[in-house]
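What follows is a single structure, written as structure tokens, with notes after it.
For reference, chains read A, B and C in written order, and residue numbers begin at 1 within each chain.
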Amino acid sequence: MTTDNKNLIEVRNLKKYFPIKGGILQTTVGQVKAVDDVSFSIKKGQVMGLVGESGCGKSTTGRTMLQLLKPTAGEMFYDGVDTFKLSGNELKKYRTKMQIVFQDPYSSLNPRLPIYDIIGEAMLEHNIVANREEMMNKVFELMSKCGLFPEQAGRYPHQFSGGQRQRICIARALAVDPEFVICDEAVSALDVSIQSQIINLLKDLQDDMGLTYLFISHDLSVVKFISDSVGVMYLGEIVEIGSKEQIFEHFAHPYTEALLSAAPSFDPRKRNNSNRIILQGDLPSPANPPSGCRFHTRCPLATAKCSGEVPAKYEVEPGHFVQCHFAKERFAKRAENN
Amino acid sequence: MTELSRDEVIRKSTKEDSYWRGVWRRLKQNKLAMISLFILILIVGACIFVPMFSKYSMYEVIAADANQPPSAKHLLGTDKIGRDLFVRLFYGGRVSLGIAIAVTVLETIIGVVLGSMAGFFGGIVDTIISRISEMFMCFPFLMICITLQAIFGTSIMTLITILAVLSWPSIARIVRGQILSLREMDYMEACRALGISNKRQIFKHLFPNVLAYIIVYVTLSMASVILTETSLSFLGLGVSMPTPTWGNLIQEARNLLVLQKKWWYWIPPGSAIFLTILCFNILGDGLRDAIDPKMQK
Amino acid sequence: MTEMNREPLLQVKNLKTYFHSMNGNIVKAVDDVSFEVYEGETLGIVGESGCGKSITCMSLAQLVECPPGRYEGGEILLDGKDMLKVSDAELRKMRGNVISYIFQEPMTSLNPVFKIGFQIEEVLTLHRGLSKEEAHKEAIHALDLVRIPNPERIVNEYPFELSGGMRQRVMIAMALACNPKILVADEPTTALDVTIQAQVLDLMNDLKKQLNTSILFITHDLSVIAEMADRVMVMYAGKVVELADVMTIFENPLHPYTKGLIASRPDMNTSSNRLTVIPGNVPDLSALPEGCSFGPRCGFFCEKCGKGVPELVEVEPNHWVRCYRPGGEDRDN
């Protein structure tokens, strides 16, 4: 894995608000702050995991980064260039460098097109290949790289199983030789025995082609396996971010702690674990987030301060940021106990 | 498998399993739909060829043969001034089907263009087109027909135009709805992420997916236009005599005496209308099932 | 652990549920499945999509739509009655009273046009013959039991006003309203978030202890099985491939499929660079390979496996495996 210390991706203060329309004239009566002031960076050749529950804005973050949704505010640097400022052909050029693989392998493939068209289309669009013959050869090559039989290139999506479809989606994303790929819950819809195949494929491709991933998932064990760094999102904000070890071994945000403890363990001996934190209540609506710290309605440690004051990002150790009033004390206490 | 070259394999598999081949295969399994298709072909064929080869012409009055029941000379008898009803039935079919095709084509073109614009561009374009189509749907149909015909006269052309202009909103809505839901599909999002041009998105990804629904609509619309034209002609608001259509052939039988005593006036055109509409509807349903196998129970 | 020599509450013997498709194909969704559920225990059924786990459970109360489904044989002894032979009236009485269900998608399982309270009361008046007022009180009590805050207010709300986790609690309250002997939970937490899943699983475990209900827990997620089940049944392509208590399944799995499933899952503590993989795809039930269905994906495949279908054999006490070479060694018999 190549890990020179260059940031390939840098997201600064990204915001994506969705207007809530109401009334007869469909005027904007409110906003859903799906992504609210999110910043992070990914080094070239590394994998960043983005975890959180449904509605926390992790998918919206990914889609806004690629401008599939129009960003409300913020900057997104690709190799030093702010892609949000680009348009037309300039943007089109950058489209080939950043790709996305979606969750649902069924709705991600146009049922009317044969596989070679699905994979090869963008190569022609961007003049990566000169003619159809060249395109075919590259399609074959990509298909074998992604574990598909090139002989099946003439088939249609419905003739493939879910896992194979996801391989096709990956091949399509790689057709334009991207350097950065967003995997938006790319393995969540697959069967257990297929998930591991796809995860291995993603890892192999990363090693082969030096890809950089943003791996969006709700599945902590998968994120822990594949990521170098991890961001934890709650209601549109990144509440804790750091290296994999920092997040999984010395987390400091109570939400991260609850999330980790809620994930069922793979060991039947560990059930009836009395240390398990079970959060009370449901996720508040992002249209009307709680005041102060957004987590305070469910947080076991919440005090009056939490509901009144928005906590600042605090760097508990180099590269490990936590957005919690008690981050400093909690982190110090843990270090003491160790 | 490795014996064949890859190109050959691809050509073969493409031919074997393209989407439309699948549709045709599924349609073929639906016996009722296939029978309907066959009957429709027969009817259309008869409407084209019977008037061409008949020894009578449709306006030809043979006064000596007036008001005759079916016989070897006049297969379906004659009307009160002695025109051969057999040839008029099929000529009437020509006119009725012709109007149906013309109206359907026109309304489909208007509807598809406006509907896809509304769906693809959204925003203000969508609002304007949707409001206009709602306005059109609010018009009391018969009253508008009568008024417009009074103003522009009762020619076949006016009738076609009026029907097309009044009925495009339904197909426009279908197309708009389809495009809106297709735009939400992940593969359209993937297209945008890949930087595929708008033109390609519309013609390679959106249109083929909408086409299936348009075909179903066209089939069902044929039936409804025939029915509308028939009712208008029956009311004397459609095509005027002496040009026969299925509708005004029945109109001839609009009195009790004819109904009771002269069945050959109204049973043949009535059955023709019934059969054609039934077949179009069954074929339309069959096509819908064949196109979207998930809808099938 | 429960003692095994008691009378089972539910006994399924050689159940076969087939689907006859229009083009004459027969899909053996449930093929010769036998198992028992004892009082107060949780039996976990685990498998991938299309393995027949849901159809098995739907068959218990004859919830499979027939046609295209058809019960081709077997016995389902529940509470002393053969569910496949009882009359329709009897069957309706059993559903809800003796056996009840919760499903994956709580939104589609609740009727959107009726209030929560009404839907629970309906079950109570129908099955337990309570009066309107009694049923109302009982409904509030049931919601309280599943730890819904402000049950007095929630009874007057509509399903869309509740979150996914809340709806699933309402479903559990409804399912338990008539004190069934067995609760069938078909992927009850799959649609829920991790923290909400933890709440619901915790609730189910508490209720089980409190009410001594047996649970049949269906899921594709092995970690949920590790959390919930006393015994585990692993299904593959319509057949039971392994059946044992939860410790044995996780610590000494013998069927290559179970082994593969457990090994392929990235555990929180996996440190290696690659995951172990079961090659190939989940098989299509209408075109199963000859011999052992798992054969083409199996690392221990031998000539014998391609010919005959192995029987489910008790290789050690209470540990059943359907494999010619359990654990990779040739079996003597």
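Following the convention adopted for this analysis, a residue touches a chain if its C-beta (ideal position, glycine included) is under 8 Å from a C-beta of that chain, and two chains touch if they have at least 3 such contacts.
Nothing here was measured: the structure is a model prediction, and the numbers come from that model.
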item: Contact graph of the chains (line, ring, star, complete, other); value: line
item: Label of the chain whose CA centroid is most distant from the centroid of chain A; value: B
item: Chain A-chain B separation of Cα centroids, rounded to whole Å; value: 49
item: Separation of mean Cα positions, chain C and chain B [Å, integer]; value: 51
item: Centre-of-Cα separation between chain C and chain A, whole angstrom; value: 32
item: For the chain C and chain A complex, residues of the former touching the latter; value: 48-49, 163, 165-166, 193-199, 201-202, 220-224, 226-229, 246-247, 250, 260-262, 264-268, 270, 273-279, 281-282
item: Residues of chain B that touch chain A when the two form their complex; value: 1, 6-7, 9-14, 17-19, 185-187, 189-190, 192-197, 200, 204-205, 208-209
item: Footprint of chain B on chain A - complex, ascending; value: 63, 66, 68, 91-92, 95-96, 98-100, 102-104, 107-114, 116-117, 121-122, 125-126, 136, 140, 150-156, 159, 169, 172-173, 175-176
item: In the complex with chain C, residue positions of chain A that touch it; value: 53-54, 161-164, 191-197, 199-200, 203, 218, 220-222, 224-226, 248, 258-259, 261-271, 276, 278-279, 282-283
